[in-house]
């Protein structure tokens, strides 16, 4: 299977192409091009569609309930209040407990950190073995692994419940970590395999002549020059695991529900009056971690999500 | 001089084999083993716990008589077709527009892609709020004076699917756009020069030159997006819980509910086997294409 | 004792045979060049010797030890690569010492060796730089240094100069030759560049399709190529091949439409059958034109079709009785297109090849 990672975040595309579009020499007098106006209008309208929910979320979360009931979701708050945020974090009810999202937050942290470390450690070694130390059958396993990533999780759920139960992991943080490690493996292995395969093979040969073994080459030669791909993998995994709902709700157990599950329980609880402002504050809090990662890492994030793209 | 015996091939590369053990175990036990287990037990009478009492296709017969399952299948089919079509068109158009050497390219791209960083749970809850008929857009527009304005997709059996679609598109088009942009930018710049020299308008170049050349990216995106659609679950749970009634049920939710809430394992396993079959129908032509091409290249 | 011996080496990838029943003996201190077009198996053979590829069949001995299944580090070899293959995150010193540290060589010993190698290659001022801060030529010196510090008897070079520009390549070529003259190590050098091969080698092995076509010193390879492939591969511009028949008997001749070349002076390996189709090969530089050709056994008038002045010499493209033909003249020769010239050559300098087997007669 030909698999390649794209680098989409390239900033200056096709210098030669732009040269074709913008010939050198004296520039004609600038006119307002109707085509350009159309272009920017479409882009702006689209931007509004994408930004609207974020705007509504923030505005609603800063209003008091009486103001929310006025029924203008676009209006900025007349009176800014942070009470919904405090309540969402500290005392919002999930139907059973009223301890707020903070429980879920810490659960998510405890799920995400080990999952990210373990899954990346395993997958990077896998990718290394698959790109540099191919053995009989290694490609077959890799192909199954990649196609396996397309199998709906539902198909493997119940047997996994049995396996984790037998291992004594079901309903615990370790159980979710275990499942995340398994399901993170295809994409991460692909990511690392492609990256290591793109490094010059002669470097690997030189290290072998220099007497470095399987682990020596990996740790002393390849890992130090692969920092960017590890960053991509970390971003990919933190975002993916933080956003997971299904595995959290099944494998973590009630006490260990991650933030997404708690958020859903807070919002969709049928008890009491729905406090939309608290809901929105809770939603922002849950989305904050991946959003911050996204805005801070931009370029790496784009590389990460495109890494799964299989080039035809 | 001596003749060296070939070492046992099993121990050649031993470290690599040991290092690959987790991967080998995962592929064999989880991806193959668990899938086969599910298929096999879908032919049993399992209720709360797995049981080895085989009853042929009875679970499937029951499954396809259940209106909730039929609704789920219909929903995912409609949702899938619309979602694929819209996200491909919107994704490609946005990518082509962004490709026009625009200013603030990074800003626009960042805005279009940020929803992809959010979970389906967050997406579902936000749009549930915006589309909420009593306090959301409908009420807002009415309060501006259009008293008869109606926008209650989410509360209506016939239209709730479109509410899901709006949210799903919002979350996922950025991803399609990014892949399309990569495809567009992966095209040799000389093609553009040739088209320019031949005097072909830009839009025609995109339509008749660029898109056909992006076949690979298109197929890849299609497969990834389609496989994602089959898994649709979180969004429905967060946004509609399958309602109103059973109007927005989807297969993945059917499986979950029968597996964990209703303790009817046989039904859940039969339903997941149907999901697996659907994915295989999407995947097999693709595998065929991939491997056919590889053979040719050799 | 030979430095390297290779016995019946075969390498197969699935159904493809890359190296086929290959035998090779390399003497101690010899500079052997493996020469061939890309895909001929020369780099593959080098990787087998280095232990970077597992053989399908055969045995490899280095310094009398059977190393067929030994790890690369245990074979007593140093290797230099085309892309330099320097570890980017390590300094030059780090690159030089990485192998020694892996082998747990004592620190003092490491320092001595690094110092000596750096001196020899004039890279002392660069020791604390990173590879990215070096020029191509400097990088390749460091890569050679990395092989040098290993203090081994056998050096393997995998197209080490191919990534350099023409000027640097010529400089480093001379330097490599000097290095070999000083160290007297066994060196095996893979290249597709016949100039490198001719200038550096004690012996050249010309490879094609995983088989060594000819293994001989440069002089023999140039003057007595064993077959048409070798004859065509060595020499630039390449040898002329005239298509014709062999007329045997008492006075061997080459016969073709309009041509009748007496081969009395040609040194046949063994007799050839009458009326067999053959090729007559003659190098462009062995053809004389004008005055100089008058005394030669074979002469003919030709019509100049294309003139390529190269400075040091001039190439003339023409045809000899309908068969394409080119030859070399002095760089200062003034020749016009369409001009008629007398040319000639001595059949003793020609090479004859059987048409079917392409083997030299």
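Remarks
The chains carry the letters A, B and C, assigned in the order they are written, with residues numbered from 1 in each.
In this text, a contact is a pair of C-beta atoms (placed from the backbone, for glycine too) under 8 Å apart; a residue touches a chain by one contact, two chains touch by 3 or more.
Keep in mind it's a predicted model, so treat the numbers as computed, not measured.
Taken chain by chain, the contacts link every pair, so each chain touches all the others.
Set side by side, B-C and A-B show the greater C-beta contact count at A-B.
Between the CA-based centres of subunit A and subunit C the separation comes to 54 Å, rounded to the whole angstrom. The geometric centre of subunit B is 56 Å away from that of subunit C, both derived from CA atoms.
Between subunit A and subunit B, the centres computed from C-alpha atoms are 15 Å apart. Each of residues 12 in subunit B touches at least two other chains. For subunit A in complex with subunit B, the residues that touch the partner chain are 1-2, 6-8, 10-11, 13-14, 16-18, 20-22, 39-40, 42-43, 46-47, 49-54, 56-57, 60, 68-74, 122, 125-126, 128-130, 133-136, 138, 141-142, 144-145, 147-148, 150-160, 162-163, 182, 185, 189, 213-215, 239, 242-246, 250, 260, 263-264, 267-268, 276, 279-280, 283, 286-287, 290-291, 293-295, 298, 301-302, 305-306, 308-312. Only residues 9, 12-13, 15-17, 19-20, 22-24, 26-27, 29-35, 37-38, 41, 50, 90, 93-94, 97-102, 106, 108-122, 125-130, 132, 134-137, 139-140, 142-143, 170, 174-175, 178-179, 181-182, 185-186, 189-190, 192-193, 196, 215-217, 219-221, 223-224, 227, 230-231, 233-234, 237-238, 241, 251-252, 255-256, 259-260, 265, 268-269, 271-273, 275-276, 279, 282-283, 287, 289-291, 293-294 of subunit B touch subunit A when the two sit together in their complex. In the complex of the two chains, the subunit B residues touching subunit C come out as 1-7, 12.
Those residues of subunit C whose C-beta lies close enough to touch subunit B in the complex are 5, 54, 59, 61, 64, 66-69. Of all residues in subunit A, only 200, 202-203, 205-212, 216, 220-221, 224-225 touch subunit C in the complex they form.
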